[in-house]
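Take a look at the structures listed below.
Same chain, two partners: subunit A is paired with subunit B first, then with subunit C.
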Partner chain A sequence: MHIPDGILPITISAAGYATSGAATWHSLRKIGQKENAQASIPKASLLTAAFFVASWIHIPVPPTSVHLVLNGLLGAVLGYYAFPAILIGLFFQAVMFQHGGLTTLGVNATMMGVPAILAFFIFRLRRVVGKESHWAVGLFGFLAGAAGLGMAVLISWGLLITTIPAHLDVEAEQASIYALVLAHVPLIALEGFFTALVALFLQRVKPEMLEN
Partner chain B sequence: MIDWLDRHAQAASPLHRWDPRYKLVGLTILMFAFSSVQDLRLLPAMLAVTSGLYAASRIPLAFLLTRLRAPGFFIAIVAILLPFLSGTTVIARIGPLILWKEGTLAMGLIVAKFISILTISLVLFGTAPFLTTIKALRALGLSPILGDMTLLAYRYLYEIGNDLKTMEMAMGLRGFRARRPSSRVLGVLASLAGTMLVRSYEQSELVYKAMTLRGYGHSPRPREQFQAHPRDWVGLAGVLLVAAGFVAAEIWLRGLGG
Partner chain C sequence: MKWKWLIFPALLALLLAPAMTVRAHGAHIEYTINMTVEIVAAYDTGTPMAGGQVTVYAPDDPATPWLEGVCDEDGRFVFTPDPTKPGTWDVQVRQAGHGDMVHIPIGEDVAMAGGGGYSTFQIVLMSACVIWGFVGTALFFSRNRRD
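So, the complex of A and B:
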């Protein structure tokens, strides 16, 4: 899911930095409008680290295992902090583990972060439908998790499909990208189910974490 | 702690002595200049500049090779798939497989750019302690919220990572084996993730209290202490000149139509 350095044209990388810059500015502005914004910085920071580590948990999908992106869950729990948290997480991944890249940091942050904010709004809809009932948290947790990854896959698909160099075999490239997107469909369901389970766990154990 | 990144941060080299703020600006622009390269004729120069900078950093080659192992999967996919899937001009036929010229050239371009940018990023973050680089980012105008979040997340990242390892080991000792994605397995793993989040949330409340007692949010932020020397300017000017050279050469070669 992380686009590495060297693949995208410079214009797309620059546009990625522009969109992630705008999204970060918007998120920071919203955070700044909070009553005691400073108090929530340690909370958001430690949760950023915890989400980063939680994405190391491997889910068995025989014959291999996958790790989840958790951007939908991040949006549901962190709200407007989700975008800066994702930006920092991706920065750590690029610098420490060479996953993703520095020139593609903006693109990757947009790809994961914008869906996280969407997931935040989707998860908030539970209050309209069923207050804080068990099923509402489960259902909207699932939708937030699935939409978070689903939208990230769609953005990545759009980017890859529109940046295939003309001198390559466009049909073969498109077929590979479509196959890659289709391979993500079961993972989207898995991400949604896992997000719902974690949301239900948090509702049971620490409900104030879902009050964002 | 994440000490591997800082393993060579205290060595002595011109890149270690370079003011981190100038290094950040210069090497980031160089990475973007490399990212703009599309003409294969620029690849030898790009690899030469990368090798020169890496050699000047005096970071052992083994360190770079270890770091290249992590994204090796990506390189392998590109190297295997592109030459055999993409293109219109046949170079060779190997049984049922066809090696395409355009795919092979595209593979060369992507892999060379990827390795060059990754190497430069290792030089950037491997020649100064990570915390110093973050402080340099703050000195360059990084938002205080982003700066604080980065430093705090970095501080607790491996502590939480160790908690995860301990919890996974405890689960394993109690007989938990994740073999299939059944609802029971997913339920246990979701509880594991949830427990980590709850523990971090509770710890953050203590961290905030400790920070407040030390004056966080009340006393003025200390200014980052960096002192630029003429050699820092010279270094920056040199790197910017090289970066501009690559961009200009790319535009010129594209103008030539070949």
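So, the complex of A and C:
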């Protein structure tokens, strides 16, 4: 899921930094407009830790394996805090474990962070359909978690499939990219289910955490 | 009839001619050192990058692939660098947009083995440090809120 250094052309990497910079600025501006912007920092910090660790949890999907991302969960619970949280988590993953890369930090942040904000808006739709019933929180929690990862996978697929260097065996690389995308389908459902469970749990024990 | 006395030495010289020919030429030995480089590519999980596409870049032209190939089912790939091109050889392995690049010094500063990766203990320790940083941040801002 994380695109490492040396895979994408430098123009794409630069564009990734531009888009992630714009998204960070927009997110921080929205956070700054909150009455008490610091109140959600503990929640954001703990979920950043969860995001940081999630990439080590591999789930075997024969013949390959995928790892948790949790960007949809962060979006649903954190709202605009999700983008800087993902950016910081990705930075530590790249610096500490070379998971991802510093040249592709902007691309990876955009790929996972923008869908997280989309997941935030999807999760907020539960208020449109009526009062915050359990089924509404569960359903939109599932949709937020699944859509967050699903959109990230689509962005990753689009970037990788269009930038395969000509000197490689293009057909073989395309086949392996399609296989990787397909391997994420069960994970999309799993993360949707996990996000729904977390949302239902928070609604029961600490509903104010879901008030973005 | 003095020439008859020359028959015996002439026959002897004729018989020994092949051996004398061999011994008369100087010996010459050529040698070539084939320094092969073996790489083993694997994912974080330890799964070999079977079928991963390998691109080797020579030190004198790091932008143009010098050699291309494919990892075997164990993620292994072997190549012989050109000894007339000392320096750092870059080897990239890529599969499904994932991969890594290793920099191999060849020449006077040759390294007989190398590579990345941390031990499980190092990973746990580093992760614990980062997680403690996040938890500490959460505790710090929670304390401010309570105050």
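As a working rule, the second predicted complex is superposed on the first by the 185 of 212 C-alpha atoms of A that agree within 3 Å, B and C clash if a C-alpha of one lies under 4 Å from a C-alpha of the other, contacts with A are read in each partner's own complex, and residues count from 1 in each chain.
One rule holds for everything that comes next: a residue touches a chain if its C-beta (ideal position, glycine included) is under 8 Å from a C-beta of that chain, and two chains touch if they have at least 3 such contacts.
This is a predicted model, so every value here is computed, not measured.
Participant: Mind telling me which of the two, subunit B or subunit C, contacts the most residues of subunit A?
Facilitator: With both complexes superposed on chain A, more residues of subunit A are touched by B.
Participant: Taking the superposition on A as described, I'd like to know which of subunit B and subunit C A:Phe97 touches: first, second, both or neither.
Facilitator: both
Participant: Identify the partner contact of A:Ser176: answer first if only subunit B is touched, second if only subunit C is, both if each is, neither if none is.
Facilitator: After superposition on chain A, A:Ser176 lies in contact with both partners, subunit B and subunit C.
Participant: Quick one: classify A:Leu46 as touching subunit B (first), subunit C (second), both or neither.
Facilitator: both
Participant: Could you tell me if A:Val77 is touching subunit B, subunit C, both of them or neither one (first, second, both, neither)?
Facilitator: first
Participant: A:Ser156 in the overlay: touching subunit B, subunit C, both, or neither? Say first, second, both or neither.
Facilitator: second
Participant: If we overlay the two complexes on their shared chain A, which of subunit B and subunit C does A:Pro62 touch? Say first, second, both or neither.
Facilitator: In the superposition, A:Pro62 contacts subunit B only.
Participant: Looking at the overlay, what does A:Ile10 touch: subunit B (first), subunit C (second), both, or neither?
Facilitator: Once the two structures are laid over each other on A, A:Ile10 reaches subunit B alone.
Participant: Where on subunit A do the contacts with subunit B and the contacts with subunit C coincide?
Facilitator: 4-7, 38-39, 41-43, 45-46, 48-49, 52-53, 56, 58, 65, 92, 96-99, 167-169, 172-173, 176
Participant: Provide the residue numbers of subunit C that touch subunit A in the complex, in ascending order.
Facilitator: For subunit C paired with subunit A, touching residues are 43-45, 47, 51, 53, 55, 65, 68, 70, 92, 94-101, 116, 118, 123, 126-127, 130-131, 134-135, 137-139, 141-142, 144-145.
Participant: Mind pulling up the subunit A residues that touch subunit C in the complex?
Facilitator: Against subunit C, subunit A makes touches at 3-7, 38-39, 41-43, 45-46, 48-49, 52-53, 56, 58, 64-65, 92, 96-99, 156, 159-160, 167-169, 172-173, 176-177, 179-180.
Participant: For the complex, give me every residue of subunit A touching subunit B.
Facilitator: 4-10, 13-14, 24, 28, 31-32, 37-39, 41-54, 56-62, 65, 70, 77, 84-85, 87-89, 91-92, 94-99, 101-103, 165, 167-169, 172-173, 176, 190, 193-194, 197-198, 200-202, 205-206, 209
Participant: Over in the complex, which subunit B residues touch subunit A? Could you list them?
Facilitator: 2, 5, 28, 31-32, 35-36, 38, 67-68, 70-71, 74, 81, 85-88, 100, 102-103, 106, 109-114, 116-118, 121, 125, 130, 143, 145-146, 148-154, 156-157, 160-161, 163-164, 178-181, 185-187, 189-201, 203-205, 207-208, 211, 216-217
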